[in-house]
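Each structure below appears as structure tokens.
Two complexes follow with subunit A in common, the first pairing it with subunit B and the second with subunit C.
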Partner chain A sequence: MFGSVAADLVRELKNSKWLLPFNESSLHTIAIETRSIMEMITSTVSEFREKLDQPEVLATVMVFHRSVQRNKRCALAYLYKRLERMRQMRWEYSSINFAELSNNLSIHERDYLSKYNRLLGEYCESVGLDLTAVCTPRPGLWNSA
Partner chain B sequence: MGMEENGTQEADVLPEDWAQEDDISTEISQEIRKLKRAMLNEKFSPEILPFETSLVHELKEVIEVQDALIDEEELARSSGPSRNSLGLHLRKIEIGRVKYLLRAYLRSRLLKIEHRAKRTLHDELYRSRLSTDEFKYAENFVKLMEAHFQSSFLDQLPEKLRSVDDRDGDVDMSPGPALNRFVFCHVKKNVGTTAISDDPTDQALYLGAGDVYCLRYKPVRDLVESGSIDLL
Partner chain C sequence: MAGTDRDYYDIDDILMAEENIVCTFNVAAKRLGFLDQSADSSHRDVVDGEEDNLSDDGEDEEEEEEEEEVTESNGLERQVAGDLPVDTKVELPYWLAETLARRKFVMMQLPRHYNAKVRNDLRAGPVAVNLSDRSAYFFELGFRLSALLIDDELAEILRKGYAARCWRVVDSAGWEGKVKGLMVAMKKLDSRERHLYMLVTNLINAYGKWKERCAERIGSARKHRKRPYEESTRHYHATRRP
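Coming up: the complex of A and B.
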């Protein structure tokens, strides 16, 4: 069934709290599956060129198309969510390079993290404050109106 | 920054450093109150609010001046007997609070930008609410993320599929901020009867000064912006 690897990937993400090792192989499988579905679309369209307005043909192409979209969506959601978690950790633990966990990141993710750090640093500089410093107010802040 | 001297005779008998507490004059404490209000509104609002350019600018200046004065004084006192001056300590705490407010304000905005970066950039209203630095940040943030998607996955797909779309058929994959979220609000000025929901058959509510309500955010958006209500 199309999209089962993609669904598993998303499920893996949902069942974990932080960052499991980057699932390179699942993503690769999804990419291959997607490419083969695309080929099926092209071959179906060329084979049934004259009958494209028939509901069966349309339905087939539609199923392929939706599967492709779904695969893409799952893969991107996986990547996006991981980035979100990475950013969250960076904010909570400051710029400690979480060495143990960086083993779970892909090369691209490690690259993203260092570029993100730089981007954040540039913004903090332009503003003049380190935004990731102390996140709790000193006591007595809320006493005045 | 005005240095208000206490008009009464008490100023003469107060220790020198206590009189210097007047450095943070009433103007500035008003600005600080405004910043606190802006920070709280930003914290509880589901969408990004207009950037308080002049407020931020002025308070940044205040912080810089105060920091310089504090450093100077610390240096001057470092070897003397009055090393642990209460006045100096209080001023450090005070300026620390202002810095905290500014940081919290900017951080809450930044997180909102990160959460909905692409939408913030494409939507004219939200784009106009960003400061120049925030705009640059948002642009670079989106670029960074899309580059990551390309190199991690999309490059393995045929060219036709390499775009990152917002819609998947008829499902909007990147929904806007949750404008219908409930928020607690405190009415500052008399607003009169206003509609509080999109449903025209629902009753309109009278919002008088001093009232506290828990309402959906969307119908009262403009009131928050105009300052008639504060979020809690």
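Coming up: the complex of A and C.
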């Protein structure tokens, strides 16, 4: 069934808290599968060109089309959620150990992280505060004594 | 979990749509013969209508004769697979089944874990029903299916059952023992309820800490644990002593 590699990719996200190594190979597989589904679509359409309004052909094309959409959704969600987690990590652990983490990231993600760091740093400077510091007050702060 | 359940990027939404639904094709779809897994891949042999791979839902509606009569023996390549005969039963993931069903290319059957027995159990004693071995996305999928199949009774039962179970989850969270207690308590819950359970547990723990004046101090952002990006399976949230 189409979309199984894509589903496994998303499951990998679900079963991990932060960031596992970037799964380049799965994304590659998904891309190849999507391309071959596209070929099936074009061959089906060209084969049944005059019967395109028949439900038999429509159902087939719909199956292929949904599979392409599914692959796309899973891959995009994978990429998007990883970026989201990276940002969350940056806020939780400010002095992030860039070198070690970046082993798990793709090149583009590393680029994203460094740009995000810079952006955040500029903003914090302009505000004058380190916004990623912990925000809750010390326990004894408001004691009257 | 996102509040809006139609979020494109939501992981749980995506995984919920992976659940398999048994569908009956209303049209003889061209070239989709490979969907039918009970046939062998060459589509040449006539299989005696065995449907071991497909799950039944307890209703004796399957007709076993139409299974394999007409397949074009067009060779072994996937691209030139044979047609899918009408009334073939196939297990399709929900993301595919829903679209096909809306267009009436396919008829969906309610999965086995929404059948009459489970409904009665949910009606009578919702808290005791073990959902984790039925489906990880019992309620979400159930609501979607009940809307699609216009099954108001199912929606009603799910709603009431979910409400009752949520009350129990919120009540009992935070009172269980540490890891072992969690395991026992969460055994019957589906994934959404588990998430709720963990939320409430953390909430209660945080409240307890606040009462004991263990809240975080102001300071620079917490120094990260040695390797924060590695998975820690024991702790849902990394907690750090002040």
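Following the convention adopted for this analysis, the second predicted complex is superposed on the first by the 128 of 145 C-alpha atoms of A that agree within 3 Å, B and C clash if a C-alpha of one lies under 4 Å from a C-alpha of the other, contacts with A are read in each partner's own complex, and residues count from 1 in each chain.
Methods note: a contact is a pair of C-beta atoms (placed from the backbone, for glycine too) under 8 Å apart; a residue touches a chain by one contact, two chains touch by 3 or more.
None of these values were measured; they are calculated from a predicted model.
K.L.:
Between subunit B (first) and subunit C (second), which, if any, makes contact with A:16: first, second, both or neither?
P.N.:
Only subunit C; A:16 stays clear of subunit B.
K.L.:
Touching A:92 in the superposition: subunit B (first), subunit C (second), both, neither?
P.N.:
Once the two structures are laid over each other on A, A:92 reaches subunit C alone.
K.L.:
With both structures superposed, pick whichever of subunit B and subunit C touches the larger number of subunit A residues.
P.N.:
With both complexes superposed on chain A, more residues of subunit A are touched by C.
K.L.:
Taking the superposition as given, does A:73 touch the first partner, subunit B, the second, subunit C, both, or neither?
P.N.:
both
K.L.:
Given the touch rule stated above, what does A:38 touch, subunit B (first), subunit C (second), both, or neither?
P.N.:
After superposition on chain A, A:38 lies in contact with subunit B alone.
K.L.:
First (subunit B), second (subunit C), both or neither: which does A:52 touch?
P.N.:
In the superposed model, A:52 contacts neither subunit B nor subunit C.
K.L.:
Subunit A residues touched by both subunit B and subunit C?
P.N.:
In the superposed arrangement, which is not itself an observed complex, subunit A uses residues 66, 73, 76, 80, 130, 133-134, 137-138 for both subunit B and subunit C.
K.L.:
Would you pull the subunit A residues touching subunit C in the complex into a rising list?
P.N.:
1, 3, 7, 10-11, 13-14, 16-20, 39-40, 43-44, 48, 55-60, 62-63, 66-67, 70, 73-74, 76-77, 80-81, 89, 91-97, 100-101, 104, 130, 132-140
K.L.:
Given the complex with subunit A, which residues does subunit C contribute to the contact?
P.N.:
Subunit C reaches subunit A through residues 8-12, 14-15, 18, 25-32, 35, 79, 83, 92-93, 95-96, 99-100, 103, 105-106, 213-225, 227-232.
K.L.:
Quick check on the complex: what are the subunit A residues that touch subunit B?
P.N.:
Interface residues on subunit A, with respect to subunit B: 27-28, 30-32, 34-35, 38, 66, 68-69, 72-73, 75-76, 79-80, 83, 87, 106, 108-109, 111-112, 115-116, 119, 122-123, 126-131, 133-134, 137-138, 141, 144-145.
K.L.:
Quick one: in the complex, what on subunit B touches subunit A?
P.N.:
Residues 33, 60, 63-64, 93, 96-97, 99-100, 102-104, 106-107, 110, 114, 133-134, 136-137, 140-141, 144-145, 148-149, 151-153, 156-158, 160-161, 164, 168-169, 173 of subunit B touch subunit A in their complex.
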